[in-house]
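Supplied in structure tokens, the structure appears directly below.
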Amino acid sequence: MNHFGRLFSVNIYGESHGGGVGVVVDGVKPGIKLSEEDFTYDLSRRKSGGLGTTPRIEDDEIIIDSGIFNGYTTGAPISLRFLNKNTRSKDYSNLVKHPRPSHADFTALCKYDGFNDYRGGGHFSGRITLGIVAAGVIAKKMLEGVKFTTKITNLGGETDSSKFQEVLRNTVMEKDSVGGIVSICVDGVKIGLGEPYFDSIESILSHLLFSVGGVKGVEFGTGFKGASMRGSEFNDPIIDENGKTKTNNNGGINGGISNGNPILINAFVKPTPSIGKTQETYNLINGKIEKLDIEGRHDAAIILRAQVVLESMVAIGLADLKLISDAYKK
Amino acid sequence: MNHFGRLFSVNIYGESHGGGVGVVVDGVKPGIKLSEEDFTYDLSRRKSGGLGTTPRIEDDEIIIDSGIFNGYTTGAPISLRFLNKNTRSKDYSNLVKHPRPSHADFTALCKYDGFNDYRGGGHFSGRITLGIVAAGVIAKKMLEGVKFTTKITNLGGETDSSKFQEVLRNTVMEKDSVGGIVSICVDGVKIGLGEPYFDSIESILSHLLFSVGGVKGVEFGTGFKGASMRGSEFNDPIIDENGKTKTNNNGGINGGISNGNPILINAFVKPTPSIGKTQETYNLINGKIEKLDIEGRHDAAIILRAQVVLESMVAIGLADLKLISDAYKK
Amino acid sequence: MNHFGRLFSVNIYGESHGGGVGVVVDGVKPGIKLSEEDFTYDLSRRKSGGLGTTPRIEDDEIIIDSGIFNGYTTGAPISLRFLNKNTRSKDYSNLVKHPRPSHADFTALCKYDGFNDYRGGGHFSGRITLGIVAAGVIAKKMLEGVKFTTKITNLGGETDSSKFQEVLRNTVMEKDSVGGIVSICVDGVKIGLGEPYFDSIESILSHLLFSVGGVKGVEFGTGFKGASMRGSEFNDPIIDENGKTKTNNNGGINGGISNGNPILINAFVKPTPSIGKTQETYNLINGKIEKLDIEGRHDAAIILRAQVVLESMVAIGLADLKLISDAYKK
Amino acid sequence: MNHFGRLFSVNIYGESHGGGVGVVVDGVKPGIKLSEEDFTYDLSRRKSGGLGTTPRIEDDEIIIDSGIFNGYTTGAPISLRFLNKNTRSKDYSNLVKHPRPSHADFTALCKYDGFNDYRGGGHFSGRITLGIVAAGVIAKKMLEGVKFTTKITNLGGETDSSKFQEVLRNTVMEKDSVGGIVSICVDGVKIGLGEPYFDSIESILSHLLFSVGGVKGVEFGTGFKGASMRGSEFNDPIIDENGKTKTNNNGGINGGISNGNPILINAFVKPTPSIGKTQETYNLINGKIEKLDIEGRHDAAIILRAQVVLESMVAIGLADLKLISDAYKK
């Protein structure tokens, strides 16, 4: 449900147009220096503003309610909140009649018997990811020596990053949207994280990544491209006593356990489902297929803002696995 | 660790060369007709024997220790076991010195301080998946009306299935190995399975799939190919009151919840790491890079036998999500 | 840690002198009518004000941040908060030097390396129970037909309730404190709640009850008094087809499963550790045993306010067990 | 359900008259010396044989299937099993008609729709506790420096242990049964175990203790007797820098966290429900209240054999809490 983590855990809540969104982070080590400013950078990476992002701009000011005392974490749960301020009081009831294609409108309607808050996607809104980014900041503080490098390596089919602005311009002009691939490289993870059988690193990280709306593919190392390789080519020979490998086709993970090499992750983020272009959908009231024009403020390429969210998810998963691993240290 | 599932849960154990392998399945509905014969078909799909599979043949006879009474499940945990019979008492200590590339040898050695059972991969052996297949059989019994269609859609880069035998012949001849892509289509899943935020269908299924050794990629619907699509193309318009969609690029899942259309899953299985060809690896004792010849009986294409294992994992995840969903039914 | 529940779950946070306290309640059925007023009655039962309770009076106004839409639960997590208003900005650093006897001061200091928020007990404060009471209100809404009767049956050794005011008067006069026994009778629980082996009703309820500060004993049915009974006397003969029993020495539970008879629970709440009387304690700085006078506003009989908290815990546990049981209903 | 523990976890299964009973223990540290002989002592403490115990004698030989290699734990799950040998093939269908008072017969029948294995109590049989004792042996190995002292302090109302044989003789003669109180003192637990809010030591231990059939009361320190004490008397003054207290009314736990003093636990075990004396019960078939004579081999004082089971449960809980605590060590 809305809770994840065995020791380092996160519990999220909130809706796009309700009072706000938030997260309760538990299992944090006491004695970590932490203040509002620590969240600024990652939250700014999630912000809208640039080309291809929504014109709805929120200040995303973080409110810390608990778990910090005299500037340090206490070991008690940390409650982090964000108010919803810039919500437009328009009529969203249209969504009930006309579920938007590729959105959660229809499935949520069915699952929650029509009681779900559908305004702006409600609990399915990307706004929920504010809490994830905030939790990720704390997770990173628990991962000393670990470095994340996150970038888009494919935008709407284009893999040359110098042409991404052009892709965005065209997409916005066409009132359409694009997805792509986020690539995350995690350096500095010690050997031994991951808890097979079921809690392999890949299992934990994919669990978290796939909970982000729009993620429809996760791969490690070569990923699917490795389907064309022979074993003799795919295997990564160890070349030193620290387990460094010549190649890294396994993405830094063997048997579900980190092997000391960089952890390489790709996540496919589907094209933003909300587009300006006219679409067709079923009218649940009159039973006809009708034209649908989605108004409101949307992201033509939510993947731009998703980068830091996915990176945060990886940090959350690794922080939990690190604690578990530490429990067994001599 | 070795336990997964909130209500329908599995707990696995065992090693390749120990007494045997097994699984304890809990949270099973009482009153399901179940006997040894019910396991025969799926266990046979996992068996070796054909081209590209290991010559180590075990009879894989299932032993039911508990949870069945008068031919029906009782609601108590079901213990299922398999004896290890056809183990060769050879010297495996070589593996400690020479960790095999792309295997768990090195990471397990580090993580478990050298105490892991390394014979035949120990707890990391594919033999553990016997318990998964057995648990999957029970899971399927709890998923009335659900149908699984599982096949290999890419074998060593080849996507034309009529040429797979050729790929295998060449691979075996070259003393090499191949991986590929397993595609699973699940029909008949009702609308409403999946528990966002964290327990989306994709999260639960990927968690389970990535715990299988060798799985390095999981995607739903179009998967990574969707990176080249525009939103207007990717979105799946609803065309009837049951939520049927014109296309199924989302793979039957919206917002982490099943939408009533077939659930489409691809999993990339890496080439079997054990190959007959000479490889290089680091000698942990003398600090030199040395030639490594892996003896023993191995699968040139473990993906052949992995199909039913991955299908079983999907069944296990869906059975758990179905129970959770049922808890909230009126 | 701060999360409990398999399906219906609660996640609490907050400190006595921080921004506030709160709870995130997840796994709630959609479609339950719920507004701020629903919490008034149980929150008022927890309030101070009467003889034997602290003069610190907070208005305990509940703030609902999420999970409610148009007056009904949505199925998304419900965030409930309470601000801390009436906190005295005095110097609490004394507690670090002089850990108060029978409080968490010393153990928290050690466990959290001195980083815990010690002001007013911090996360160990009874103020945290506001979230429990709020969660309990929702739990009760999910338990249709279930009725709770909660009372004090022993106050400082006195079992005649007509003399409780006298006990309180004497205790306050002596600047001392009393504990006692809270007895909860739960009527209307259907047969079949409880998930042996480990999640028997007794296990789940005691787990929750013992997490309330000051609870040091939990018993069901006759409880410890049954040690003097013979089996022939203790056994509860079934007398009708609904499982009604002649006696109820087992407290409505057999084999960890509700048997349809009233569930009978006693919980021992220890005397409030904060007393006005001079005590002795160890001075961690100078290593001497010194006199300690605890200032501040305290409850001479926290048990008075604990009643509704314990009742809420029972409701939380039963709501979770009911959902699990419902998952297996035909 | 049948799984407990966050890191150190146990998963039990089995029935009284099925193939056997067992436990899978996960989260065990690698490198612990462990062989069959290590289980002998505690298993012998659980054995029948003496006055007041059942004449059904099983050899209780332990079978280790996995998780041990070269005499040491490997870090992989340990499967431990016991065969059922001495089962009498008599007709138990009587129990369906005549549910035995104070047994799980009636509740299990209802909960599992009549599919439960009722022979000898099935999954509710005390025989299941073999797995608990076995898991406890491993738990104790993970608790270096911790010492358990377990004894009966009340047998059928008698608290003078020199008269216990007399109590047993009388009880057996009367074809009746007795319960009593098991007292466990745990020495050597370091300061800092326990994970408030919800996973206080008391919560975890009571959860485990109450899952043992027949336990109907758990208290720490003075327990219920403390209801008569004033705070000034109940509070335990700290007298040295290690947190040693003058008295130990709190039973070694403050705020749900171990304080370094001995942990004191009492558990009330109800009189064995199976008695030789004629009882009354409801006949579910004909709707009449009828005489019931329970045949078979039973314990007049199951509490005698329960001692080591309860001690094992405490060890299991402490081992898990110790690992969690270790995860946060510097």
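Letters A, B, C and D name the chains as they come in the text, with residue numbers starting at 1 for each one.
The rule is simple: a residue touches a chain if its C-beta (ideal position, glycine included) is under 8 Å from a C-beta of that chain, and two chains touch if they have at least 3 such contacts.
On a predicted model such as this, the values are computed, not experimentally measured, just so you know.
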| item | value |
| --- | --- |
| Neighbouring chains common to chain C and chain D, by label | A, B |
| Between the pairs A-B and A-C, the one where more C-beta pairs touch | A-B |
| Centre-to-centre distance between chain C and chain A (centres being mean Cα positions), rounded to whole Å | 37 |
| Computed distance of Cα centres, chain D from chain A, in Å | 44 |
| Where chain A and chain B are represented by their mean Cα positions, the distance between them in whole Å | 25 |
| In chain D, residues with contacts to at least two other chains | 1-3, 7, 12, 30, 75, 111, 113, 123 |
| Chain A-touching residues of chain D, taken from the complex the two chains share | 6-7, 29-30, 75, 323-324, 326-329 |
| Touching residues on chain C, where the partner in the complex is chain D | 1-4, 12, 99, 101-104, 106-108, 110-111, 113, 123-124, 128, 154, 156-157, 171, 174, 176-181, 191-192, 194-200, 202-204, 206-208, 210-211, 213, 215-224, 226-241, 243, 245, 249-251, 254-259, 266, 268, 270-275, 277, 279-282, 284, 287, 289, 325, 330 |
| Of chain A, residues touching chain C in the complex | 1-3, 7, 9, 11-15, 18-22, 24, 26-27, 30-31, 63-67, 69, 72-79, 81, 111-113, 115-117, 119, 122-123 |
